[in-house]
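For reference, the structure discussed in these notes is given below.
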Amino acid sequence: MRSEVITVRTGDRPAVRDITGTAMEFVAGKGDGLLHVFVPHATAGVALIETGAGSDEDLLRALDDLLPADDRWRHRHGSRGHGRDHLLPAFVAPYVTVPVLGGRLALGTWQSIALVDPNGDNPTRQVRLSFLNG
Amino acid sequence: MRSEVITVRTGDRPAVRDITGTAMEFVAGKGDGLLHVFVPHATAGVALIETGAGSDEDLLRALDDLLPADDRWRHRHGSRGHGRDHLLPAFVAPYVTVPVLGGRLALGTWQSIALVDPNGDNPTRQVRLSFLNG
Amino acid sequence: MRSEVITVRTGDRPAVRDITGTAMEFVAGKGDGLLHVFVPHATAGVALIETGAGSDEDLLRALDDLLPADDRWRHRHGSRGHGRDHLLPAFVAPYVTVPVLGGRLALGTWQSIALVDPNGDNPTRQVRLSFLNG
């Protein structure tokens, strides 16, 4: 398994970052297999969504509606509402898997790999890319 | 990695389609490994749930409650509420992985592989089945 | 693929059980690859979250808020609200995948592998651990 860690800047506010380009470069020339994208963090997730057409902001809004960033949570430290950031990975898992064929991601036309980071306390995040040969 | 694409009819209304039978046929005779089921679409997901006992309809209802199909979303095109269809894959991911032992899916008694498609604008969907030898 | 099933006691009330230690032992000495953790049940999920700091209870509360355990669901049998237990795996999938490097889980500092079981009718659960060599 080939595996490497990249660093992604997510800034000091909730953010969705498209990392498809980096993933494409990582699998180029690697043949057929499975790409595993993993964030080794307890307050971030990875999603396969369309980016750049409004769904990035819609997703952050939906998370605010479904898991409010207020004081209701037991897990409290850092910024207000941080407890809900710790719930994110239960619903938006910290990994995705994507088939790779001939060194290319078999994504659909409108699918992108997006790092979802509601946590403004960590301006950079690590992402581990791994390739399993099929 | 062996990989193939099948087409599933989901119709012009929100639908949950059980594709376990097709997945079983795909892995038959393939030994031990991991089945990867992937939809290359930005408005569909794959879930492992019990089908045929009411949870299919319950899931569509829960999605309507949690991600209302109305005009609140920034991402707007197609039918009313289509923006929420674009959020679905962040919560119900467009892939599942299932262990395969001796050419058989290691699913539990009540688990089925279900294609979840809230989007009535696409009457058919593609599903990529891939098998990674262990 | 090496694969084995363990039994985890979850008790007669909704529970989140940390199984990271067992997973660490399972991958020890196995080199590089992917760990697949799978529950063959239709009313349980697996999450990668921080445990022991309140998020366990927060997750059970969030599930009660998002998927109320009442009589609204079509799927009815067992205890009151059991229909919502059947929706859990659509949102908290019954599997996770974790990279393994040199026989060690590549988890982040605050990540644990947690079995999520809202269903008090099943006091024990099976978990299948599988390792795919990379």
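We call the chains A, B and C, going by the order they appear; numbering starts again at 1 in every chain.
FYI, a contact is a pair of C-beta atoms (placed from the backbone, for glycine too) under 8 Å apart; a residue touches a chain by one contact, two chains touch by 3 or more.
As the structure is a computational prediction, the values presented were derived from the model and not from experiment.
Homomeric contact subunit A/subunit B: same residue numbering on both sides for under half of the interface positions. Between the two copies, subunit B and subunit C, the C-alpha superposition involves a rotation of 120 degrees in steps of 5. Mean C-alpha positions place subunit A and subunit B at a centre distance of 20 Å. Within subunit C, the positions touching two or more other chains are listed as 34, 66, 91, 93, 97, 132-133.
Those residues of subunit A lying in contact with subunit C across their complex are 1-3, 34, 36, 38-42, 66-67, 72-76, 83-84, 86-87, 89-91, 93-95, 97, 126, 128, 130-133. Listed in rising order, the residues of subunit A touching subunit B in the complex are 32-34, 45, 47-50, 53-55, 57-59, 61-62, 66, 91-93, 96-99, 101, 106-111, 116, 132-134.
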